[in-house]
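There are two complexes below, and they share subunit A, which is joined by subunit B in the first and by subunit C in the second.
And then the complex of A and B:
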């Protein structure tokens, strides 16, 4: 029996923070951008919702920055040697924010609730045979097959535990309680003034003694990027989460007195940016052309100039922060001459390609312009084809593009966040988060399938190394950047980022030096 | 009596116009690429076909287009603006939540621009060609030509970041616990920059309009008659010239008033003002159909209402108008 019993939280916290005395109290103002559509994490899983609701709801586990599981609503867990049974021991004395006791029944109910409402959960739980609760504080999950990445599927965004007593037997989507979310987390919902702010306050009955430290959290909604920078500059807000301001403001703000910044807290997500190259038609359907694109791109330049030096140029489909990464793959350095040779070899006739940028602000626009310039230097003619968010979704989901910017989260494991973009069964019109480029390689598909259910981690590493080598050789997409979104905050805020999802669940441990 | 009939016939026409606008809006909004289900799924960063299908069914988007249209028209005929599936609230609630903030901003800007614009216009026309006139017209030209967005950002940089006199964004101090007068004062301080920014452009327009109109009316025969009677110049200016010169200004004010609900998108965005313009803009980006249509409909209704009010004000200023009709 392989035993993965973690130390209790308090010991872990003490190790993380050294011996500094943690102070209670205070108020923290953070930017949330854009305003979330809702806070019921079981129903809505977009970025801003996760950032706010991650303080209200909890998962069974959390993950540290090395992506190792840590206790959350589950205090201990075991995985059987054959990888077929997962046993979770739940925390005792946990109460929902309305005072009702939390128990294993809520977890069982959650698996049903999320089955109807959470695409990513549905994917992970398709490997599950059954879930049972032998007693009020134990959950046992029986698998259909061993599924290595399963242990990574339990953080608050992937599997938020929702209250059975509020949702059972109701229409989940229209339940009035969605507007006043009830969770088990360290902060409770107080008020949401639409267009202005969301106010959360300390949960006085939180089951971990002494936590949380901060009294009030205000998530401020400021729709204009320049105004968000001003809000931080004038002291109105204390924390700018990654991506809240345009990159060129980062350097200016981090030079201010008493301002700290970090690019940590994104390890679990490991946002990975690339351009989909339409493998079905046009010049991009030719492998030589796609390789030429890789050689033509000056990715280091974009990292240094457009992203102010933040991030890392990727070697292939898997982020260096994600488990089972390898850099032992074919390399594509910036080499315009090589790109021209490849274009000549393929007989490129100058057919223009349409480039679809991501409509997420000025940074992305500049990035598209840099790519256009790189490609035109080697003789590829490029038309930038702009759209708003809905238009971008429509075009990519229906494959109406030649090259399209995107970035995706990896969720710690290639099987969770990477495979979906390269396997044939994930070619599904109508969604922009799958194999949009139309890459088909049955040999690699078989390897993905085998690697996901391989219980031995060393063997999984070998398999994923080979997968990465093969995909990088085929260049179905043009990998651009492992994005790092710097979080900018006042230095008196301590312990802000302690997990692999950073601000999304970090306020539990954060405190303010008075 | 005549006025009651006039109002009734206007209202009837207004209702028909409004219905036509609503149907047109419905087509327009649905013609934009994408739909609320794909946007919501897209934001989740992960989606499978089941999720999109579930969302479309929940939003009623799986129905044929004509049924969606028929449902929508049926709803608005019964004054039901529908439900925002994205935000999980009835559209009317969303609009009512945002309406006060917008009205405070736009009405303040409206009155500032109207009063200051007319006063400056009168002042400039009284000293035509002199230094005061040049100064006022010069300033007006500057306000007229400055892009709103830029003026807003500069105002924030100067008065909020550099001088620290006024808050740079927001509606009130968040979590201050102010009540009563303290809260009103707090909101007023937050109101100054956005209201001025929004008001400057129209102030310039009113000023130029008033000035030109005053000068034109001053040339007319009845003014000469009044002078010949020996009336004091200030009375002539106020009672004879200004009253007649105001008609074009009222027309313009009617147009501006029509934009009270939906016309402050940029200002609300830069100053993070929690108003209805932002609700409209954000709903548009999210293809939150019911909310966009609701805001459009309320805005259209406001335009029509202010058109009627403008007509009534004409009658007050110039009683001949009603009689001719």
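And then the complex of A and C:
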């Protein structure tokens, strides 16, 4: 048995803050954008919900910025050498926000609860044979097969532990306690004034001594990007999460006095942007054409100009922040001449291609315009389509596009967040998140399958390296950018981002210098 | 005094005409002046006006030449303005003429139909139409035409009604001319002057409507227009004023020119009014 020792909290805290002592108290105002549809994290898992509810609910584990597991509700854990058994030791003396004690029974109940309500959890737990609780503080998970990425599936967003005493035997979706969520986390729910703010306060009975530090959290809802920037300037809010304001405003706000910014805290998600290229029909079904597109794009320019220098030009399907990344793949620098040669070789006849931008604001619109210009300069004629969010979903999910912008999260492991976009079994109309481009390569499919259940990490790395090389050679989609969303905050807020999901669970350790 | 002489003695109208001709020339010569088109990213982004040779109005968020955008935008504005006005006239004039000439139930039906459109706010209807038809140059032009014809119909109806009661129309009837002949040959030519004046103002309104739609992001994403330039500059208005200022000025000038011309035409076509001076 190989033992993964849990770093104790005290050591972690001392390392993170150095000599300075944390101060308790204060109030923090953050932006949440858009307003979440609900806060019951077991039922709703979209971005804004995770950001707020991640302070209320907890998972068994958290992940640091290198995506290594850290203790959360589980204080220690072991993985058997064959990768078939996971044993978690739970924290002791944990109470739900309503005073009921937390135990292994809640974890067992959660695995049933999430089966019905959480697609990503269902995916990860399809490799699980059974879950048992030998005593009140121990959870043992037996696997059907070794599944390397499994250890990455325990943070609050992937597996939020929900209270058995509230949900057992009720209709989960209509349980009225969904409006006043009860978790084990460092902050408790106080009030939600719809369209205005969500108020959380410090959990006085939190099981880690001295945490959290801040008394009150206010998540403010401000619908317009320019107004959000102004709210920060006037001091009304202290934290702008990534993506809360247009990129053009980032440079202006970070120049203000006493304003700090960081692009950390997205390592676990590693948002990866690309254009779907329809592999089924039209010019984009030709590999030479797709390669020409890659050479025609000036991706560095977009990074510098449209994204104000934030982010990184990707080498392929896997983000450099995700485990098992390699840069040992064919490269596609900006080379219009090469693009023209490839188009000539394929005999491109000038058939216009439709380009569908992501309707997420000005940044994305400018991006589409830059891409169109790049492509037209090598002789590809491009019509920009327009669609609202619903229309974009509809068109991509039903393959009614030639090229379409998107970005997706990677969840730390290629098997969790990358494979779904390239394997044949994920070709299904109706979802904009699967293999929308229609890439079919049985050889690579087999490699994906083998890599996911390989228990040895060194071997997994070799397999994923080969997968990345093959896919980058085929260019099923045009990878554009590893997106970085800068978080902007007042410098007196300390320890704001300490994990791979950043603000989503970071308020536990944050404190304000008075 | 001939019409033309009366028109050119009106300084405002001449000024307007000069601006319009200048805009028209720029629009026509756009491909010669800026062969790379309005979307080419020619320099660093956010270059301040008058700071770089060859880029008198600076560059936008992607490093595109603002002046090139303005010149190409003129084509779109004028094209949409003219075509949608012609379409609105093609709907409004026949409907109004028939209603005014035949009266009774034809009038009732036509006017109720017109009121149906008039009760919906212009801009709201235009937004809905463009959203349904998906934004493109054609759908925008059609939407603008559909929201702008009702006033034409009402104007033509009123004019036709008053002209139809004149004695020469009775004379024409007695002479045995057909209704259609009387309407088209005798009545309509006498209602042309108010229609022309109205049309010139409608072009101005259409340009404003197109700009507003583009500003809201409902423009044709493949076409550079003034409204698009302003809409795209909205988020950076505090750091790059010139991106919204110049297209805004272009819209103001063009709309002003069309209004001046409209007023000039009104005076020139109505000698009675022009002699007394405008009120």
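In this section, the second predicted complex is superposed on the first by the 514 of 514 C-alpha atoms of A that agree within 3 Å, B and C clash if a C-alpha of one lies under 4 Å from a C-alpha of the other, contacts with A are read in each partner's own complex, and residues count from 1 in each chain.
Everything that follows uses one rule, which is that a contact is a pair of C-beta atoms (placed from the backbone, for glycine too) under 8 Å apart; a residue touches a chain by one contact, two chains touch by 3 or more.
What you are looking at is a predicted structure, and each value in this text was computed from that prediction instead of being measured.
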Fit or clash between subunit C and subunit B when superposed on subunit A: fit
Touching partner for A:344 - first (subunit B), second (subunit C), both, neither: neither
Touched partner set for A:370, first subunit B, second subunit C, both or neither: second
Partner chain(s) touched by A:220 [first = subunit B, second = subunit C, both, neither]: first
Greater residue coverage of subunit A in the superposed arrangement, subunit B or subunit C: B
Partner chain in contact with A:195 - subunit B first, subunit C second, else both or neither: first
Touched partner set for A:44, first subunit B, second subunit C, both or neither: first
Subunit B versus subunit C as contact partner of A:459, first or second or both or neither: neither
Vertex subunit A angle, Cα centres of subunit C and subunit B, expressed to the nearest 10 degrees: 40
Touching partner for A:234 - first (subunit B), second (subunit C), both, neither: first
Shortest CA-CA distance in Å separating subunit B from subunit C in the superposed model: 8
Intersection of the subunit A residues that touch subunit B with those that touch subunit C: 226
Subunit A partner contacts - residues on subunit B that touch it in the complex: 32-35, 38-52, 54, 58, 85-89, 94, 97-98, 101, 153, 156-157, 160-161, 164, 167-171, 174-175, 268-275, 278-279, 282, 285-287
Residues of subunit C defined as touching subunit A within the complex: 39-41, 45, 61-63, 134-135, 217, 221-222, 232, 234-236, 238-239
In the complex, subunit A residues that touch subunit B: 27, 29, 34-35, 37-38, 40, 44-47, 116-117, 119-120, 122-123, 173-174, 178-179, 193-197, 199, 216, 218, 220-224, 226-227, 230-231, 233-234, 236, 387-395, 397, 408-409, 420, 428, 430-434
Complex contacts: residues of subunit A adjacent to subunit C: 225-226, 246, 248-249, 252, 301, 305-306, 357, 362, 365-366, 368-370, 372-373, 376, 383-386
